[in-house]
Structure formats: C-alpha cells, structure tokens
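Residue numbering begins at 1 within each chain, and the chains themselves are lettered A, B and C in the order written.
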Amino acid sequence: MKVFITATGVNSAIGTNVNECLLALTQERSGLGSCDIFDYKSLHVGRVNQSNDELRERIGLPNENWPRTALLGLLAAQEAFKGNSDSSVRKGFINGTTTGGMDLTEQHYGRPEEARKADGWKVVATHDLGVVTALIAQQLSSFDYINTISTACSSSANSIMLGARMIRNGSLDQVLAGGCDALTSFTINGFKSLMIYANDVCRPFDQHRLGLNLGEGAGYLLLENEKSLASSGNTALAELTGWANTNDAFHQTGTSEEGTGAKLAMIRALEKSGLAAEKIDYLNAHGTATNNNDKSEMAAIDAVFDHVDFSSTKGFTGHALGASGGIEAVFSMLSLQYQQAWVNKNLNESLNEGKIDPLGSDLPKKINHVMSNSFGFGGNSTSLIFTKN
Amino acid sequence: MTNFEITYQLSIDPNGIVRNGTPYDFKLNPDTYAWMAELYRHLKIEYPKFHKMDHLCKLAFLGVELLKESVDCTSFDKDRVALVFENSYASLDTDQKHQKNVQSQKTSPAVFVYTLPNILMGEIAIRNQWYGENLFVLNDEFDVEGWKQTATTLLKANKADVIIGGWAEVLDQHFDLRLHMIQRR
Amino acid sequence: MELIEELKEKLIEQLNLEEMKPADIANDAPLFGEGLGLDSIDALEIIVLLDSHYGINVSNPEEGKEIFYSVETLANFITKHRS
C-alpha cells in the first residue's frame, strides 16, 4: 500500500506558513535572531515571529490559555489538514513533542508555593506532552487513532514513520503526522549546561562550529492511502517511500564517532525504499552544529554516500527539537515540489573531515528523491525518504 | 498469519516484584528509592553508570536486567531488538529537579540529560548494545492490548524479532513498571 | 594533599560514583576512558563543581581534557587558579 503525502503545514523562525518558509529558503534568509526572552539576551534563537496572542487570533481561539507548543502545533496542523467528512476513512493524528506544555509549567513553578500545591502535580502533568496532542486533535476532527511520541529530537520524524507504517499495514487510511515544540527557559538552560549552545549563530558542518541555537515551530504532513485520496479528492504531492529508526547505543547525549545509529538508519531507509544511495538527490541532514553531532553525522554520510548534495537547514531555523523532523520533512517536500536543494546557511569553512561538502548556496536541480535525517538524545536515529510522485 | 505472543511479563511497583505471575524473592521498601541500589547489588550487576541514572531509567534498566536473568537474550540479533515504552508523566520526575536547578541557577547537566523519557531506552540500548528501533509513546494509562498492537505493528513490518517494553513511570514516590516481551513465534 | 582528598570525596559525591571510595582513586590514574570511566557529562559536572566550589570558570570543555586527566592534574589546576 502506497503512502502519499497530499498536504503540508509548517511554522518556524523563517515563516508562519509554508509559503513564507519557502520564500525565506529561496531567498536564503535565516530566521535566527537575538533571544527576546528569559535572561539570555546574548544568545541566538529561532523564534516563530508571532506572540501567543497573535497565534491565538490566527487559530481562532482568542480566549484559550494553551501552551505555546500547542498554539504553534495547531497553526501548522490547520494548514495541513482541511478535515475529511467521509467516516469510512480511518483517520489518525500522531504528534511528536518534547517540551509539551513546558512554558505553562514554568509559569506554574514561578507561582507561590501555596498556589502550586493547590494546582497539584496532575495539572503540570496534563500540561505535558499528551495533552498538547489532544488539544490540537479536538480542534481538527474526530480521529480514530491519536498518539503522542516523545523520542527527543527525532519525535516528529518518528510520528511520520509510525503514520506511514499504520497506513502501510492497513490500520489507517489518512494520518496527520509531525510535531511541535516551543522555546523554553527549561531547554535553553539545559543545552547551556551541556555547553553545546553557541554564543554566535549556529554553523552546521562548519570547521569552527560552536554549537547549536535552539528554535521552535511545528511541521505536519498529511499522509493518505489511495482509498483516502479517492474520497478527499486531494492530489498526491509525493510519496513516502523509505523510513527507518535505529539506536546508536553509545551515549545518552553524545553520538558515536563513526555515527553507527545514523548510518544504520540511512541504510535501512534506503533498503525500505529500494533505492540505491546515489538516487538521493538531496539530503536534509540533522546538522545541529554541535561538535559531536556534525562530526558523527558527517562520518555516517561519508560511509553511506560517494557523493550527495546535502545541507542542514538549522542555520535558517535553529534546532526546534521535537518539531525539527516535521519542519524539515516539509522543507524536504518543498525541495521536491520546487526542484531545489537548500543552502547550508552560515558555512564559512566546511568540516574537512568529510569527503563531501555541504551546499554553499541553493541549488536548482532535478530532484526525485529526498532523504531527511533526524537524530535525538538517547541515541534515537531516524531517516525518511520522500519521492516525487 | 504469523503469531505474536507475549512471552514474558514483569511488574515492579510498591507492592513488590512479580515475574511471570510469580512473586520475585526480593523485598523492596517503597518509602525510599534505596531498594534500587539494593536490587542492583542483589542481581550482582557490575555497571557503575547505573548509579548516575535517574529513577525512571533505573526502574526500566532493572526490569530488563531481571528479564535477562530468566531469558537468554544473548541469542538475539542486536540489530533486531526493538524497545517500545510508554507512560503518562514522561520525565516529569526529573523535569522537576531540573526546573528547581534552573530556578536556583545551579543547572546540572547530569540532571538535564534525563529530562526526556526516551533516555530510558537509550540506557537499555547502551547497556545491551541493541541497535533496533525505539519508540516512546504517551498515554493516560497502560493498556496492554494497545501496547501489544503497537509492538505487533513493528513485528509485522519485519523491523524486529523481539520487542521489549511496556509501561515505565516514576513520579516522586510513585513508581510502576509493567515490562513485557513479545516475540515472533 | 588535603585538596586531593577533598576532590576525591567531591567527585564521588557529585558524579554518583557509588561503588568507589576515595582510596580507590589513585592520584595519577586517568579519570576518563579506561581509568574511572567518566564520560562527557561527568566532565561537564566537574566544570560545574569547579565553578561552584572553587570559583573557577572553564568555558570550553575542550580545555578540560588536560586539566581533568587525573585528580592530581585537577588539584594542580585548582591551586593555580583558585581565587
């Protein structure tokens, strides 16, 4: 059973919908800017250029006190999912997130102790991951299947993978899959404590990269089988032909020198799609710009490919954690739709440990197959392959 | 139609440890988490990294170590052991600690590392060098049939030979592990 | 010498080296890799320790490699930089 992609929705530091993001990608315009929140004014972040009030207005829920993660999520989900009234089509929503309602949780912790006690732990828990999914889902449709995945920075890529698999095995006909995450003081502090937060703009795959910049946003794909296509009337933009998830089994936060998990994920995704490595016309790498990730991902890319046009788009958006796989899945789709590979922003001197250099500028070319990598803490490694329909 | 069966079940909660329906001979005092190190010693594990883990990781880790005591996992193809876990609180137990550290401006990297629920699968994968698929799902409560369905999806897709996982949750003094193994027969 | 003993105790506490006693850590034994088996997160915790207990700021973990080689090198570094 084929898995078609019929619609996309996205927001990130470079735009609040697909068209705005496409424009920034084609103009090679980064969305990284000074941190406008918390005590970290000197840091660069990739913030979605909308206040919570503006987001509430856009999604038509002016009075709801939702976590920002859910606001960003619903905005992108509404763009990708226009509803389906055919009740015989089994519909799913699979959402990946890591911060969930953390921005509200931070507010909760900021309250006086008495008020916190009155809130109870379950309040904090319900502001967490699964509830974000439920909030978004109830605004969209009645789904036959809802699931929340939290596997660190590969969360939304894994949502897409699970969605594809459930269509492939006949459990569902139509799945909205992807993920969302918002910037929080919680994560900024954490990545700073790991000393992998750059003091400057992030420079993925650069010899002198200093670490990552965090970002935020959401990205979703609408996956459908032929039955669903017949009733939705949607046009297939592309097909999801390959997917794989592996564990690097090396370290909680670090990746192995040779990129074992990454290599295995790319190879297995290629096997799944039945494609040889040279058929990949563009690779959207994970490329967080940390010393460790880029080095090991580069080693894995070198091991899998003789040559490939590749880039990390995190120089545009920052690292949107659990949302990054969804956002980059949409960027990969745009690459197929508009026949362009995206530039690796902020590159001065390529990481010379690799035989292959990242793209120095946007590259118009014939693109039939795009691979997208998403790796997360805990060794979680995912590769997806999108094929032009 | 290939048959997939749950071949192993283990639970650890404040009432004790039950393995395949039989109480396991280890008395745990649920008032503190000292029992975790006691069980570690009881099982004669030599893995100093254990002591650095948070309670959630320790709970799942110990569950798998208990599994290895009664099931020979050495014959498994290391690329084809998948882990599928779920819970409702994610990593909230450690999230609280990190949040407190942030507020007192004493952020600890060793705490932050555990503010993701899937790290427990990472720890198990590292310990056993299992490179297969990992999935962590959030649910309100544990429904073994639902878990079995997800696990079976992976087996049917021929992504793995063995799925180990289930429910693993820790929050303050609450802990609950429901470990299952499902295999291709 | 006092500093060395103090460091051993602090390392055991901060890095959760539960099965170790100060006497188990030789002054010149490598802390990372083969020796005590510490990893990159432990290195970051040592940086936190230097900052909070000794007021010494190490901003680049790469610098840490030589400084953190053993308890002895760490003690020498602290003696030199302590404010």
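One rule holds in what follows: contacts are C-beta pairs under 8 Å (C-beta built on N, C-alpha and C of every residue); 3 or more make two chains touch, one makes a residue touch a chain.
Because the structure is predicted, anything quoted here is derived from the model rather than measured.
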item	value
Which two chains share the largest set of C-beta contact pairs	A-B
Most centrally placed chain - per-chain CA mean versus overall CA mean	A
Distance from chain B to chain A - Cα centre to Cα centre, in angstrom	26
Where chain A and chain C are represented by their mean Cα positions, the distance between them in whole Å	38
Distance from chain C to chain B - Cα centre to Cα centre, in angstrom	31
Chain B residues counted as touching two or more neighbouring chains	107-109, 113
Junction residues of chain C - those touching two or more other chains	41, 44, 48
Residue list for chain A, restricted to those that touch at least two other chains	193-195, 251-253
List of chain A residues in touch with chain B within their complex	98, 100, 102, 105-106, 109, 121, 124-125, 128-130, 133, 147-152, 158, 162, 165-166, 168-169, 171, 185-186, 189-195, 244-253, 260-261, 264, 376-380
Touching residues on chain C, where the partner in the complex is chain B	15-20, 37, 41-42, 44-45, 48, 52
For the chain C and chain A complex, residues of the former touching the latter	39-41, 44, 47-48, 59-61
Interface residues, chain A side, partner chain C - complex	193-195, 251-254
Footprint of chain C on chain B - complex, ascending	37, 48-49, 51-52, 106-110, 113
